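Two complexes follow with subunit A in common, the first pairing it with subunit B and the second with subunit C.
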Partner chain A sequence: MSFLELKNVTMKFGGVTAVDKMSLNINKGEIFALVGPNGAGKSTVFNIISRLYEQNGGEIFFDGRSLNKLKAFHISRVGIARTFQNIELFGNATVLQNLLVGTNTRKTSNMFSEIVFTRSVRDAEVANRIDVEEIMDFLNLQPYRQKYIMGLSYGTRKIVELARALVLKPKLLLLDEPASGLSAEETVDLAFWIEDIKKIMGITILMVEHNLNLVNKVADRVAAIVDGKVVRVGSPKEVQSDPKVIEAYIGA
Partner chain B sequence: MRITFKTSYDPDINLFKDSIHKFQYIFLLFFSAILPFFLDDYYLGEIALILIWSIAGMGLMVLVGHSGQVSLGHAAFMAVGAYSVIILQIKLGLPFLIALPIAGFLSSLLGILIAIPTAKLHGIYLAILTLAVSILVEDIIVLAEPLTGGVNGIFAPDIEIFSVNFNRYGNIDRLYWLILFFTTLLVIIYKNILRSPLGRSFAAVRDSEISALAIGVNVARVRTVAFAISCFITGIAGAFFGHFVTVFNYETFNVVLSINLLLMIVIGGLGSIHGAFFGAIIVGVLPILISLSRDRFLDGLGINLMNFPGLETGLFSLILILFILFEPFGIYGRWLKIRTYFQLFPLYRKDMFKRQKSYLKTERVR
Partner chain C sequence: MEILQLLLSGFASGCVYGLIALGFVLIYKATEAVNFAQGDMMMFGAFITIWLTNSDYNGLPFWLSVPIMMLIMGSFGYLIERIFLRQVIGQSQIAIAILTIALGFILRFVAGAIWGHEPHYLESPMVGKNIYFYQAVLGMAEIFVILVTIFLTFILYVFFARTKLGVSMVAASQNQLAAFYVGIPVNKMQSFAWVIAGILAGIAGMLFSAKGSVDPITGLLGIKAFAAAVIGGFGSLPGALVGGLIIGLIEPFSGRYLPSGFSHLVPYIVLVLVLILRPHGLFSQVSIKKV
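On to the complex of A and B.
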């Protein structure tokens, strides 16, 4: 059985069918990319998987369990982390604080012990910082440790968002256009990181990406989506040479 | 500029970042504690009132500054605190030290009752709803006459703690110390919340609800908890306020008070404990300054300001307008800039604190 499975998932916004009976299988340990023209429904798929939208039909299975009944804030506990297309960081907080929010899912303390700030809360805080520090080292974020998000460049913010997702120690990572707005150099770095996340951390990655260089470089399999339907699944080469995909991009 | 060489994570977590920082605050506490030996009763009373405003300001700051929910009805929670502590003392004969937390919890309960159905309301809609609740509470106070004394108001009894008497007119110094003790306690609690996972989830909910959800923060629950804590602190402030003014009725806690509280924390600086205190100082000191200048300065020049009854409100509004135009981060923001200027002298650059506006997200206050 596949790691993440979408079965006939349908999402309608009023009269618009954004995702139309889509079925996808993502295997454990692979990097799977969704490509497709704007408005094809790629981000909607992400929002359904992360339970920000309730789909109109169909079912999603992750690691053998159905996600249908879960609330959006449960999804990170199941082992799914995500980034957003338009960066959604906590702007009035430092990089460190942003990443530390990711450790909240593992907290064992209750409100009252936090108000008194007991020894165990303090120990947990130190442990959280060690976790966060590892991720910061991995993604070269140390120079920005105490900087406020509002003062960071776009590229750095993207990396901080990736780091925050990794702090959750996910099994599946959803990356929504990780390379958009990055310079060529930053994109090269990102490609290495994405491969390392797969190889070293053993995290399965599902990503939406328009930058085909990046997709060719890192993706094991690609699905082309047009008008909410999967047109072709296969290796990056196969998908890009498929006449139906080319037609969808260039137009008939 | 002092640089702490960190060899562990503790300096990041501690209440004070280094020993000098610690000394400054202990000195401030010590200085506040010995004030009754220098000041006469009038000024001591004014400072006690400033502390009460600071507590109320902290309460509202949890909600507005840290969890990003606007309330225009916090006077109602002060009212609940003030009325319940006194009713509990008079009708049930409870000692003050037991009545005080109960009053806080009652106020917090009202907060939770409002927060649960309004979990999806934001910004201006939440403000309107809290405003409505505040007006409703005023009416309920009038209607519940057997308990609250209706329009005639209610008299606060003296506070007795272990047979030590606290009374505003008899021994303001003791009341001042009592208030100072609770202020310090609440500051420590507030600071603990900010450095724990709870405080971070507040910031997460304030800045981006959608990614807070994706990261596993139960947004509705965190917002409710923020309301509960905020109303608890505000209720405590109300309890002290009731004992401070000794006699009050429903009009004491009207909408103007709510608006004043909100203005106070905006002037002080949103999103910091310092802001609540700076705002309270402005609110407390301004009337004194106006009356002083009226007596000592303007009368000598033959100008009589008695003819301008709205002067205080007018000046307060003027200060607010100036702050919103020139220093949106409030007095605390200005203070940070001045401090950094001297710490980095002569290396301070003019636009050091200038930050990119991210689609006016911060100004949207949600």
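On to the complex of A and C.
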């Protein structure tokens, strides 16, 4: 069984079928990209996998277990982290605080020991802090550690969101248009980081991306989605040369 | 010495306003809804304390009836959220405002039906006890109110700064989507905000009844607490307390030094001034989402 499997997943909004009996298989350790014109249903697929939406039909399996019954706040616990197209961070908090909140889920301490700050709580905090520092080093966020999110540039916020997803130590990382709004230079950095996340951290990545340069550079496999259906799955080159995909992009 | 007395009574009523305002802000931050019944929940807490403590009702010792009251008010806040507020999630702000205003009316009538409309007094251990400080007569009840509020502020600070639950609540209030994906059950946090707001309203009511009379329309002073929350920035917990203290202090001083009638008016004049000069409140954390 593949690492992430979508089986005949359907999502309807009123009379509109956004995702139509979609089946996809994503293997462990690969970078898989979803491409397609606007409104094709890519983000809907993302929101179904991350349980923001509940699909009308079909099933999703991750690492051998069904995700159907899970709620959005459970998925970080089963090993899935995600970022958002429009960046969702804690705006009135610093970069460091945003990342530390990510470690909050790991806490098993009770309220009393937290208030008196017992040794075990302190040790756990130290361990969490080390993880956060490592991720900040990895993504070059150290200069911004004490800065408030509200004062950061769009590109930096995007990286902070990526960092927060990594702090959760996911097995699967969902990136929703990671390059949108980034400068050319920032996109080059991002490509290296995505490759390192796969190679060094061993995290499987599923991403939605419009920037085909980035997709060509990092993706192992690509699925082209048109009108809620998978039109073609293959290497970036294969998919981009498929006449059906070209037709969907240019329009009939 | 007169000033000392005015200060004390101002601080004491300011603490009550501040605690109600804290309830407003807490619910607003957690659920983006304004609970206009917060003042009436305070009144209800006051009546429950009286009902538990006074000798013509249950006659429990004061120190026992306070935790029981907190338990009742906490459950009460939880049930209001589960039974009523969950139904209107996703509706417009107006729907929620009308719902909570209606809830306030219901609480007033229910309290009137159970306990009657005449003023009630709490038989607390502080009744009638005074401390003489030079020529000033300082009421024990008022000192008690201030000490409890300081203690409560400290507890809340530690809760929100140190504990997982507290940090999760702050996170969920800042960004619900982000909170979901770091594993925070946002719905539970919203219920919990109502629990805390219920307990806070209860404590505010207990403190209010410790220093004066209570009747079913006492809850209308929630409007002053609302003004306090707005002055504080409606989104800042310390701001709510400070706003409460400002309103509380203005009242006795304007009552003493301005023509009669002004003491009820001045808090709102200050509110209008704050809105004109600092529209986001004194302690605002300005966070307008830029697209």
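Criterion: the second predicted complex is superposed on the first by the 252 of 252 C-alpha atoms of A that agree within 3 Å, B and C clash if a C-alpha of one lies under 4 Å from a C-alpha of the other, contacts with A are read in each partner's own complex, and residues count from 1 in each chain.
The rule we apply is simple: a contact is a pair of C-beta atoms (placed from the backbone, for glycine too) under 8 Å apart; a residue touches a chain by one contact, two chains touch by 3 or more.
Since this is a predicted model, take the numbers as computed values, not measurements.
When the two complexes are overlaid on subunit A, subunit B and subunit C occupy overlapping space and clash. In the superposed pair of complexes, A:Glu125 makes contact with subunit B only, with no contact to subunit C.
By the document's definition of touching, of the two partners only subunit B reaches A:Gly151; subunit C does not. When both complexes are overlaid on chain A, the residue A:Ser76 reaches subunit B and subunit C alike.
After overlaying the two complexes on the shared chain, residue contacts for A:Gln240 are found with neither subunit B nor subunit C.
Residue contacts after overlaying the shared chain place A:Ile115 against subunit B and subunit C alike. When both complexes are overlaid on chain A, the residue A:Thr44 reaches neither subunit B nor subunit C.
In the superposition on the C-alpha atoms of chain A, the part of subunit A touched by subunit B in one complex and by subunit C in the other spans residues 50, 52, 72-77, 81-82, 84, 88-93, 101-102, 104-105, 107, 109, 111, 114-115, 117, 150, 164, 168. Residues 50, 52, 71-77, 81-82, 84, 88-93, 101-102, 104-105, 107, 109, 111, 114-115, 117, 150, 164-165, 168 of subunit A are the ones touching subunit C in the complex.
Here subunit A touches subunit B in the complex through residues 50, 52, 72-77, 81-82, 84, 88-93, 96-97, 100-105, 107, 109, 111, 114-117, 121-122, 125-126, 129-130, 148, 150-151, 164, 168, going by the rule given at the top.
Within the complex, the subunit C residues that touch subunit A are 158-159, 162-165, 167-168, 171, 174-175, 177-186, 285, 287, 289. Across the interface of their complex, subunit A is touched by residues 8-10, 12-13, 189, 192-193, 195-198, 200-201, 203-204, 206-208, 210-219, 225, 271, 355-356, 358, 361-362 of subunit B.
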